[in-house]
Every structure is written in C-alpha cells, then in structure tokens.
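Below, chain A partners chain B and then partners chain C, in two separate complexes.
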Partner chain A sequence: MASPSRAPDSADRIYFTLTALMGGVLLIYFASVPLLGLNVAFHFYLMLWITMASAFNVASGFAGYMPFGYVAFYGIGAFTTAILVKKAAFPVFLALPLSGVAGIVLALLFAPTLRLSGIYFGIVSLALAGICRLVITNMPEEITGGSFGLQLGSRAHPVQSFYVMMAVMVVALAVILWLSRSRLGKALRATRDDADAAEMMGVNVPIVRLWGWLISAFFPAVCGGVEAWYTNVVDTETAFNTLITAKTVIYAVAGGLGTVTGPVLGAVAMVWLDELIWRQFPLLNLLILGLATIVLVLFLPRGIVGTLLRKKPQWRRYIP
Partner chain B sequence: MELLILNGLVNGLIVGGIYALVGVSLTLLYGVLRVVNFAHGEFVIAGSFLAFVLFTSFGIPPLLAVPIAAVVFFIAGWGLYYVLIPRLARSDDPELMSFLMFYGVSIAAAALMLLLFEADSRTIDYTFTPVSVQVGPIYVSTARLVAFAITVVVSIALALFLFKTLPGKALRAAIMNPEAIQIMGVDIVRLSAFAFALASALAGVTGVLIALVFPAFNPFSGAEYTIIAFIVVVLGGLGNPVGALLAGVLFGLAEQMATVFLPQAMAQIVGFLILVGTIFFRPSGILGVRFKR
Partner chain C sequence: MTVAIETRGLTKRFGGLVAVDKVDLRADAGETLGIIGVNGAGKTTLMNCICGLYRPDDGDVFVAGERVTGQPPHVVAHRGIGRTFQIPRVFRKMSLIDNLLVPVLDRKAHDAELIEQAEAMLERMQLIDLRHNHAEELSGGQQKLLEMARMLMPDPPIVMLDEPFAGVHPVLCKFMIDRIEETARAGKAVLLISHDLTSIYRLSSRVIALNQGRIIAEGGVDDIRGNPAVIEAYLGT
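Right, the complex of A and B next:
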C-alpha cells in the first residue's frame, strides 16, 4: 500500500464488497423472476414492501419521526397515476414520476408538522392521513370514481410493471445507500440524536429534516402509482388502508431502523412469513400480523440487524 | 331550525359524555404509564360486544352489563398490564414503541373480534319502555338518556375517586411526578397495573354505553373511537383527566352541531382539523395546564 490516505481502508473495502455482493444477488434474483417463471405477483409485492419499508426508514430510522399516516403518500401516488392515466389520458410512464411529485407536494404541505416530535408527530400524521382519505373520498365522482374507484382499463402489463417496480426499488436503495454515507445522512442522524447540538455544529436543522422527509415521501407515492398500474384499479378503501402503514412500519422495525439492510431484510422475512401464513390460514392473517407486531416490539425492539449490531458493535463499519 | 339546534345540543351532550369517558380512560393511561394506547377503541368496542353477547346469549339487559363489563375489563386489564408493559419499559424509547405495540394490539383485537363475530354490524335489540322521553320540545330516546345518566354517575364517581381518596391522589401524583411518588414509598408497578386496569374497566363500561347510544357497531368501529379518544385527550391536554372530561363534552357538542350544519364527511374532517389545530396552536390543551413528566 503506497499511500494510506488514498487507499480505501479495509473496513471500507469490506463494506463496499458486502454492498456489491448483496446488491448483485438482489438484482440478479429479481431480474430473473419473470424469466424463470417464478411467482410474479409475490415478488412484485416483495419489492414494493422493500421500497416502502426502506423509504419509511429514512423518516424514522434516520430522522427520528414516526409518521403513522405514512399511507397518505402511497394513496396520493396511487390516485395521481390513476387520475392522470384514466381522466387525462397520460401515458403511464409520464404519470408515474408525477405521482412522485404529488408525494413531494403533499410532504411539503405537511412540512410544518416536522417541528413536532414523538407521539405528537405520530398523532398529527395519523390525522392528516385521515383528512387526505376523506377529501379524496368526497371529491366529485367524475374525478376519483367515488366508492367504485377508478379502473385503468387495458393498460395492465404485469411484466413491464414488475420491472418498473424493480427499477423504483433499485433507485430507492441506491439513494438510501448514498444517504447513509453522505453529509446529509450524517446531519440527519445528528439532528435525530440531539437537534440543539447538531445546530451548534452548523447543521441547518429544518432544511436537513425537510430533505429527509421529502426522500421519505417520494418513494411511497411512486409505489402507489406502480401498484395502481399493476392491479389496474384504485379505490380509497385500499389506497388509504391503514394496514399499508402498519405493514410498512412493522417490516421496517422487524429488520431494524437506521440501517440500509435492516428494512430490506425485515421486508423479505416478514413478506415471506406473511405469504406462508396467508396460504395456510387466510382468516388468521390479520390476527397473526397483530401478534407478530406485539412480539417484535417486546422481544426484538431493535429488529434483526439492530440486535445483531448491538451484540457485535464492531460490525457497524462493515454492514451497510 | 331552532329545534334542530336544540336536538344537536342535547345529542351533543349525550355523545359528548361518551367521548369524555373514552378520553378520560386513555388520558389516565397515558398520564400514569406514558404509553399511548392505540388499541383503546378496540377495548371500547370489545365492551360493546360483551354487552351484545350478555344480552343475546344470556338475556342480561345492558344496565346489568355495565357492572359486569367493569369487573371483566378490570381483571383483563390487570393481566394485560403484566404481559405487555414491564417488558416494553426496557426498550430504547418506550413511549414511541408503546404506540407501535398497541398498533399491534389494535390489529390483533380487531381481528379477534372479526373471527368471533364476523364483519356484520351488530345492534342490541333491547328497548326501554317508553322508547323515548319528551325533553322540552324534543324527543330523546330513553336508551340515550339512561346512557347519559350512567356517564354522569361514572364521571362523578371517577372525579371523587381521583380527588378524595388516597389511591386516586396517588394516581394524580404519579401523573405529575412519577419519580417523587416512588420516593414517597408508592409501589409504582402496582399503581401502574391499577391504572391500566381502571382505564380498561372504564373502556369496557363506555363500550356498553356505546351499544345503547349508537345504532350499530362492528369489529372495525374501534379505529373511529381511537381517533376520537386522541382528539379528546389532546384537546384536554395529554394526561389531564379533568381536561379530558371537559374536552369530550365540548367535542361531542362540536361534532353534533357540525352534523347539523355540514355534510357528514365535512363533520369528520372538522374533528381531524380540531386535533391538528390544537397540537399546533395550543399543545397543552384547552385548560392550558401542562402536566410535566
């Protein structure tokens, strides 16, 4: 090693090797799902939940907020794509990014709530999601389709939407991976741990929080749009279902908040478990989801990765 | 029009009494234990189902179901406390994790009721004679008046308990300063278990009253009451029982008057806006007394 300052140190090397390895496995596996004739629907939702849980992690694990109304972004995204495609005859590929924009606009509207903290933030977030659902439910039927919802017609293309979902997941994970090593990510974590101290060190606390919040809002909105395209139908009952928030939070917590791999692992483990349970006992599904949450909070509050890192703190440098 | 407004006022008072009870039990729980019971609405609806089962299977009238619910829920709450809370206290951020855990409890409780009673809306086919009573120029159903009377009795009993008895004073002291009360020799774990049991009992009783006042309930009605409880609790100031009682009545009146003047959906949005507005502009609630941790 000629110059130690230029050469990446060994911890970094392990970190990047691990990241490339896991990313490669994820990419090759998902890319080959339609080619090998595996269950497209299952893997579509697996990627959706990986993306949702990872994006939620930015708000909760990185920034320290618990948005219990997270579904609002997803619902807005779903309706944006549905309305643009159905009522304004937009092509799907133009509507999807606009769903993301809608998510960002909504996040900007909710930005004043960022000065709240703890349970106050959680309760307000919940109430705002309720308002969103009520407003959309009560919009004129010509726009949102009323209680029947909107059918997108013959635009469904499962394999295409599968690969679009995959692209969204890859972008989300790449952004979060970048965030976890970036100045912004460090500032976010510092703000989460002690906002006053971070401010003293020259962090622009409101701006940093806002960036985290916007990243966290963009991806669920796009997810909502892609899912609307995939299933071909959108209505307020499913697009604003609190279970979407519940699953997102539970999957993220199961893996471990604050790490990049946590929510991915959590989503994979829980979606797989969910599928296993649902196949066996469709009626008990909801009950087991609830019980799993209780057990998780009581016995594994730091999640899979978080618990591992607590036992082996020295691994923190290697695991993304 | 005056009749409509008068109707709104009377119903607002009755519904507000129920909301006050929903709120006061949640605020006691938060005040003493610092846990946010997201499943509170499900506890309440479980009380409604208990009244339903007692009446349809055993022929026990709702009035008798009130004390039965109180006892059953007190015991259940006591047990649930020891299953859930001591372990929760060991996590990094118990207050926020409690929200998540009770989220799970709420899903599990709703699912359990769904398995037991199915998704249909239920009503208790119990009628008082006479069916309604004339109050001034308007008619009010006897069931609603009876429920209101029980609400008032329970509220007064609770207030007397909190302000005149030693355990009640201990509860209020625990809300104000949980460290100091332990120095004074109070067993905080037992007191917390008692608070959880008391809040559960109140929730169960409220559920029975809801079965009397509102036309129907189903396993998923719980979420509505959780939101209402949050609104009332925030409006009254987190952890402030007197504030919650007052806020419940106020919110009931506001909601019923809103339904007189606004379409149904708008009235619901008003509730949410009150919640968000209070947190932003008056986070310590209408009374402005903040119970510090």
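Right, the complex of A and C next:
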C-alpha cells in the first residue's frame, strides 16, 4: 500500500505549479492586450464573463443553488456605480467597491430564499430579479434616469476600465481558488451534496450557505459597475437583461461546475465560439450558439473540465 | 457507570400518527444499546429526534447530563453525537478524505494533522487506496464503511448506527461488527438499530424493542429473546 502521507505533498506541488502557470499565462496575456493593440472590447468582455461564470460557480457548483435571477446582482452593481458617479459625484474607484457592497446588501435581502432548494429557489430568484428591475425602472427619473438610463459623461476610460476588470477577475479567481481548498469550501460542498447529513456532521448549514451566497453576489455587482464605467451608459433593459444570467449559466456549465478552471475554460471557449459565429453568421448567431450549447450539454453533461475529471479521476488532485 | 445519553418521555407526532411515544432510554459510556422493531416502529424517528433533525413534540434528550432538546443538529453534533444512516448519505461529489474532514472542520488543528487523522481512519476501514476517489464511486458496502469512518472521525462519545448491516455482504458485515465492538471498547455509548437480530444480540449489552413508537420490552439479550410481546410484534403470533 502506498504511503498515505507522502502523496498529498507532491500532488499539492503539482497543483500549485499548475495554478501558478495558468494564472501567470492568463495574467500576461490579458495585461498585454492594450499594449499589443489587440481587441480591447472583446477581451474586456471575456474577462467579465470569466468573472461572472466563476462567481456563479460559487452559488451553483459549490453551494448547489441555481439562481436564475443572478442578473439582479449585476444590474444593481451597474446602477449603484452609475448613480454614485453621476448623481453623487463619487470617484469611480470608490463607486466600484460600493457597487459590490450593494450586491452584498441585495444578497442579504434575498437570503431568506436560501431555505428553498432546486427549481423553487431558481424560480423565486428569477422573480426577485424581475422585482429589482421593476423597482429601479419605477424610481424617480432624477435618480435612475428613467427609460433613457444614465450616462456617465466624460468619465469613460476604456483602458483604465479594462485593467480594473482584469484586477476584479484576478481577485475573483484568487478568492474562488482559496474557497475551493478552504474549510468553508468543504462545508459548502458537503451542504450541496446533502444538507441534512452535513448539519448532522456539525456544519452550520445556514451560515455556510450565506457566506457562499455573499461571495457569489459581490463579484457580479462589481462586474456590473465596471461595465457601466466601460460602456458609459446604464439602463434597465441591458443591466437586468436575462440573457446575462443565461450566458453566465451556459459558460459556467460548459466548463464544468464545482471546479475553479471549469468556468474559466467554459467562458473562454464559449465567448470565442460566440465571437466566431457572430463574425461568420451574424443573423444566425443566437440560433447556432444555442445549438452548440445543446450539443455540449448532450455530449459533455458535466462540462469540459467535469467530463475530463470524470474520465481521469486521478487528475482531480492536480487540477484546480 | 457514566450516563452518556438519555431520553425522557420523548414523543414525536406526525399529524395523528404518534411515531415515537414517551420513550425513555439510557445508554452508558462503553455500552451498546440495541434498538429493534419492525418497519415503522419508530426507530429511525427516535434517532432523528435525538440528533436534532426532528424537534420532539414532548420529552427531553440529555447528552452527558446536559439537555439538548430542540437544539439544531449541528449543535447536537458538537455535543458529541455521531451517526450513520439507513441508506448511506455520503457527500457524493467529495473525495473520501474530504468526507472525513467535514465533521472536524471546526477543529483548531492544522489541516495536515486532520488529513493524517483521516488517512489513519481510512486505513482502519480499509478504504485508504480509494482516498482520492469521489464517494459516489464506492460500492454500497464501502459507502457504509465511509459513513462509519466519518462518524468516528471527530471521536464522539456517543455513536448511533442506523441499520449498518442492511444490504451488506457477510464478510463486510463481520468487519463492521468488529469495528463496532472496538468502538464500544473505546468507551463510547453505541446506539445500534438493526433488523439483523443475530448481530444485535451479539453486540448489545441491553436491548429495547419498539412497536408503534412505544417501548414494549427492555432488558438483557436473553430477556428480549424470549419476550412474548417482542415475539408477537415480530411474528404476529
């Protein structure tokens, strides 16, 4: 029988080396995009979707929820940044973390729904996102800009916002990487697999779920804020568009929920595919993307990384 | 002998059905208390009331003399009750090591130390070679062993085993019986639910028989074996 105490050390070394390598490549690549004159908009959105899918992974892959109303956090973040910058003259760099705080506050308001599970949670979450949208739409025009939304004026700075998006992505991935190996992460996964059994093993399920939920809410809210700054305009139609949730879910599922690399790979693969289809078949973009998603779910139900690890379970210890 | 666990007048109703009816039981440290009864007698419900999954309608549960009635399951678990389930409830998409770490997540010990303990426990249960597999990849019998290992990991003074031998191969059954005996010898109070009367009679120092939520007989193995009420409940004659 192999010595049980030696193997984890070497596995950990490979795990951390692989993580550092992948993180380094990702970082250098994205950092050089504006410097090399590559497509800034494409890469900005690629980072945004990596962050969104990874944060969604915490709620879904780690905690076992399927929040169909995930866009609510994104929308609230976008409007918080826009209102603070435009109406309260906050500097963008102060408004962005506050948009994350707004996401957390919203998550706390939604927290009672965490006692639901499965499809019931998904439907209630979708309804709550709809309510958020309605509330913002019906707020006084002087605050949210009504149907025209808010324009941030001369504050747009594509390259600065690109690098801020990169920083948000790096922080999100670092937090999720930590979570995947932390005690909180283990408690979340146990809760996902069997909440009653986890509770009887000493896990404080409501608290653990709440932490996962808050982490999962913070990053999309900041993403919404950064995107508002990048595009310079926010309106309820785009900020609360259900396609944002749909894309986030598809990218995360395509890569494989429950792993750190899964949603990153899923977002990279699907955003690239989306771009490719968009260029070749602009009129059939959504149709082809939908078909590609169906094929992916049919043949790789656990996503790219999930299927790979299913076939090669011995790699689980090496791949984040 | 120290009383490890005690219930007084424990009652649980589901609508008009009284699933557990004024049950008084007591198990001392190092004692194995067998709980027998036909299907629907209230054995698992009794266990669920003790560990906090169900809030009893009446009566109390005491762990080492302290009242834990109505406390949430995670608090009861921290008071020193570990349990297994009739149908294994392992954390399916977690490795065996991670499964064992879940009950000790609140410990201050360093992770490496806990992993070492988990590996020692898996070694004891002959699951060490599968330690990095996901629990869903184990057979039913192996999942029962994993549950037992997970239950023992935090070294609880009270363990409750719900049908540990159900659907398990005789060789594995013998292995589990040995582990249960070791556990009792280590000074833990063992509450053992089983339909397998042979194993119950072998392992238990005392037995209680439940029928329709009530204790119909209580005593040593020989008292229970010949008890007319138990025979009637089991055989209907």
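Everything below uses one rule, namely that the second predicted complex is superposed on the first by the 312 of 320 C-alpha atoms of A that agree within 3 Å, B and C clash if a C-alpha of one lies under 4 Å from a C-alpha of the other, contacts with A are read in each partner's own complex, and residues count from 1 in each chain.
Assume a residue touches a chain if its C-beta (ideal position, glycine included) is under 8 Å from a C-beta of that chain, and two chains touch if they have at least 3 such contacts.
Predicted, not measured: the structure shown is a model, and the values here were computed from it.
Look at A:21 in the shared chain and tell me whether it touches chain B only, chain C only, both, or neither; answer first, second, both or neither.
In the superposition, A:21 touches no partner, neither chain B nor chain C.
Counting only touches as set out at the top, which of chain B and chain C does A:302 meet: first, second, both, neither?
first
With both structures placed on chain A, which of the two partners, chain B or chain C, ends up touching more residues of chain A?
The partner making contact with more of chain A's residues is B.
Would you check which partner chain A:246 touches, where first means chain B only, second means chain C only, and both and neither mean what they say?
The answer is first: A:246 touches chain B but not chain C.
Just checking: does A:186 make contact with chain B only, chain C only, both, or neither of them? Give me first, second, both or neither.
second
Tell me which partner A:203 touches in the superposition: chain B (first), chain C (second), both or neither.
second
Answer with first, second, both or neither: which of chain B and chain C does A:316 touch in the superposed model?
second
Considering the complex alone, what residue numbers of chain A touch chain C?
Touch list, chain A to chain C: 1-2, 4-5, 8, 183, 186-187, 189-190, 192-194, 196-205, 258, 313-314, 316-317.
Along chain A, where are the residues that touch chain B in the complex?
66, 68, 112, 116, 118-120, 122-124, 126-128, 130-131, 134-135, 137-138, 242-243, 246, 249-250, 253, 283-287, 289-294, 296-299, 301-302
Quick one: in the complex, what on chain C touches chain A?
The contact residues of chain C facing chain A are 51-53, 72-74, 76-78, 83, 85, 89-95, 98-99, 101-103, 105-106, 111, 115-116, 119, 122-123, 128-129, 131-134, 137, 150, 154.
Looking at the complex, which residues from chain B come into contact with chain A?
For chain B paired with chain A, touching residues are 36, 84, 87-88, 91-92, 95-97, 99-101, 103-112, 114-115, 223, 227, 230, 234, 263, 265-266, 268-269, 272-273, 275-276, 279-280, 283.
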